[in-house]
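Note that chain A is present in both complexes that follow, paired respectively with chain B and with chain C.
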Partner chain A sequence: MSGLGHALIAMRAIVTREALRFVHQRERFIAALVRPLVWLLVFAAGFRAALGLSITPPYQTYITYETYIVPGLCGMILLFNGMQSSLSLVYDREMGSMRLLLTAPLSRAWLLFSKLLGSTIISIFQVYAFLLVAWLFDITLPPLGYVAALPALVLAGLMLGALGLALSSFIKQLENFAGVMNFVIFPMFFLSSALYPLWKMAESSELLHDICAANPFTHAVELIRFALYVDFNGTALVWTGLATLVFMGFAVWGYDPARGMMTRKG
Partner chain B sequence: MKLPILTALTAALLSTTALADEIWVTNEKDDTISVIDVETLDVIRTIETGERPRGITFSKDFSVVYICASDSDAVQVMDPNTGEILHDLPSGEDPEQFVLHPDNRHLYIANEDDAITTVVDTETRTVVAQIDVGIEPEGMAVSPDGKIAITTSETTNMAHWIDTETQQLFANTLVDSRPRHAEFIKEGTELWVSAEIGGTISVFDVATQTEKTKIDFELPNIHPDRVQPVGFEFTTGDRHAFVALGPSNHVAVVNAETYEVEEYILVGRRVWHMDFNRDRTLLFTTNGVSGDVTVIDVASRKAIKSIKVGRFPWGAAFRPTD
Partner chain C sequence: MSLQVTDLSFSYGAKTALERVSFGVERGRFAALLGPNGAGKSTLFSLMTRLFGTQGGSISIAGHDLRVAPLAAMADLGVVFQQTTLDLDLTVQQNLRYFAALHGISGRAADRRIDVALDRLGMAERAGEKARGLNGGHKRRTEIARALLHEPKVLLLDEPTVGLDAVTRTGLTRHIHDLCLETGVTVLWATHLTDEVSDADQVILLHRGRLLADGRCGDLRGSASLSEYFAQMTGVSE
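On to the complex of A and B.
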């Protein structure tokens, strides 16, 4: 069998393992769906009248707050899943199954990418489940937007998954995961355009606006937002793509037994 | 053989580009009219008018457009093709809203400052009658058979019923605070009057001039004081009314059979008046404070676009261009 054949078999095995893990954890799916729905149906309800004062692209008219936060909540699903995947890697390392995986006679970058792809596919499935529930609550998007969003979701999913991978190489034990929550997920989510548009941030503080504008999660959310409205945001695409490469680079470096964090952990 | 086809195609192409229908919007603070192309949903022309244009209506054959230039104390008559003001009509002071009688000749004009309704003959350009009504008249309507004209007075809170043959009042009915707009529907058997401060629409039986029912509006998360019904229009067959709710920034969809509110649609700030396109599939609402016109898809009841126009858009009128 050719090298490519081996590589594809390995990829399929890793992706299937991710899928099986997801299927066997029904609670995880429900939790992943409930989290954004609570934001959409409870949090957003209180802010119904807060927006609708300024029309910014890609919107053509005034929108309710529920409509505004849908792309941000898609990003939230991808973000939490990326971190969940990182958590599972830490668990794998503790259980020893990672050693088995990393000793496969294939490039480490390929194995990591396969892992990334597996978790991204699972994330996107959850995003569409969320969009379906939102649609049932009459929060609808242009029909073509559901299709146009797919590539944006893939790229954003890869970026956030790569971030999770990179972080997991730095986390020694499962217990440290709470720190990741506090220092990565929350700032990344709240300091972005997921919950408020950037012009709203600029009204309260220019500094806050600048931090949000530099946050790669903002660009991932904007990429999804524009795609959901069958529009294209080149800047968001470039930044999300660059961030994916950088995070992936960190992950490969972090998992390199010769140079990365793995050596120090012994 | 190919040439005639090509010619026909070119002609068809040219005719469709030239024949896109329009929505004319008066901009109260800019003293202009913004003309919106119904196909492209863009402003394609801006036309100067007299001071503070508000009410706007086309003649039945669309050959002229009448504009209430409130601060010029005139009703202006414009050629819609050239945008040229042909002449002014004697309108009385501060004309705000008016309605063209089905005879296509007489304009019934509400003179806000003088508490009168002025009837003008557009052909002889003379005032035919002046009828004393309540204080601050605003809303105007004429029944489809042309026999009854209605003026609503904002401060007296009444709908005044005028016999158009004698030009005399024959009934006055109380409505809620600050009535703004009136429309006859169901072949003139029913009259709807919106009350801005009262936050209601009163529905009258025209034969008896008695109130049949009252429609209330309630929006979650919006203070009731901000829910101020003003202009409204009916879909084909008078099945549903779309009601502008002023500073609540929403348009309500009311079932005209059950009188129940079925939906609220978010539009721009301080939505005031509106008009439909030709087949009533699109609705154009004027949003005064945000200075734009929101386009609503009538079937899905969703706002699809907001178009920037001049400052404080007020009235809207449809113009076919064929």
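On to the complex of A and C.
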């Protein structure tokens, strides 16, 4: 068996296992779908009157608030899933199956990337399920946008998954993880362009605007937003790509046996 | 030596878990790693399975130094962890297929090996059952079958009989002894139960991170029982 053949067989198995786990956790899928829908159909309806949105790229015309937050909610699905799959990594490690995975005669980076890819594919499936429901509620996008968004969703999914992976390597117990969820997910989501455009944020605070502009999640959302309108945002692509590499680097570092980050008292 | 540990030391911060531990196991031998709780067995297993990196000393598996050629060493290593590592929602066969793929074995070749491994462990009839429905003994047998799929030269088992009834425990112990004779696989079996060890086995006695004894069980215990010898050496009764 050649090295590449072995690596690809293993990757397929890891992705398939992630998919099978997802199939067995239907409640996870429903939760992933209901969460953004509540924001879209309840929160956005309430805010629609309060917020006036001017025309900014990639939009060509005035848009409703519901339309504005769709890309942010796609990002939300990827964010929650990225964190949830790393939660499953902490759980896996406690259960031992992560230990089993790491005994495979393949590089750690490849094994972790395969796991990341598996969870990203599942996240994207959920994003499209959400977009379908949004479409049923008449929140439509350019037909080509659904296709153009795919690479953006893949990159954003990898970035957020890599972040979760990096966090999971430094967290030893599930209890600690809940805290990190609160300190990572909520700030990342609210301090971004997911719910309000950055110029709106600048009106209330320059500092908050700067934090939002530095938040990688903002760039992931903007990358998706532009792609959904068959447009391209180079800055967002560079930021999201760089953040993916940095988070992945941290994850590989964290799972390196020589670092002993996985050390639990034997 | 099929498995060689040389001057191995490891500490968790200021607390020393292993101190200059050295031993070797020849090909096809059954070696029992004996020691009370806290002896350093789990640390040793974590080092041998690359969960932790070595701090001092070296480990060689089937002639591959773990630090120099980790992937070649892992390819020749089979592991049964103390905690179950089966995916409970998957069937026995799906669990084994997943593991085979991690070792680069897929398709018919994987299915053939899975059939042989399950048959050897008397689990062939349960291939389609979900792991969740298996009893403790069957789960263990599945994990042993899985650990043998890629035909490793060295098999590590970390207290594999924990939580099993006496009959299952005896059966499993006998089976692994037979496996050594039939296939020439080298076995390191961690336990704190002396009745799982027979006189011909090698005994590696670990206590508080140090190697207390290493030799043939019958020679070490002399006229005393292994249990008495264990208590005398460690000051701990089973």
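Throughout what follows, the second predicted complex is superposed on the first by the 257 of 266 C-alpha atoms of A that agree within 3 Å, B and C clash if a C-alpha of one lies under 4 Å from a C-alpha of the other, contacts with A are read in each partner's own complex, and residues count from 1 in each chain.
The working rule: a residue touches a chain if its C-beta (ideal position, glycine included) is under 8 Å from a C-beta of that chain, and two chains touch if they have at least 3 such contacts.
Quantities reported herein were computed from a predicted structural model and do not represent experimental measurements.
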Partners on chain A (chain B, chain C) - clash or fit: fit
More chain A residues in contact - chain B or chain C: C
First, second, both or neither for A:Arg21, with chain B first and chain C second: second
Touched partner set for A:Ile9, first chain B, second chain C, both or neither: second
Partner chain(s) touched by A:Pro143 [first = chain B, second = chain C, both, neither]: neither
Which of chain B and chain C A:Gly234 touches, first, second, both or neither: neither
Touching partner for A:Gln60 - first (chain B), second (chain C), both, neither: first
Smallest separation in angstrom, by C-alpha atoms, between chain B and chain C in the superposition: 47
Residues of chain A touching chain B in the complex: 45-46, 48-49, 52-53, 55, 60-64, 140
Chain B residues touching chain A - in the complex, by the definition given at the top: 220-222, 249, 266-269, 290, 294-295, 302-306
Contacting residues of chain C [partner chain A, same complex]: 12, 17, 40-43, 45-46, 49-53, 71-72, 74-75, 77, 79, 81, 83-87, 89-90, 94, 97-99, 101-106
Interface residues, chain A side, partner chain C - complex: 1, 5-7, 9-10, 12-14, 16-17, 20-21, 24, 95-97, 99-107, 256-260, 262-263, 265-266
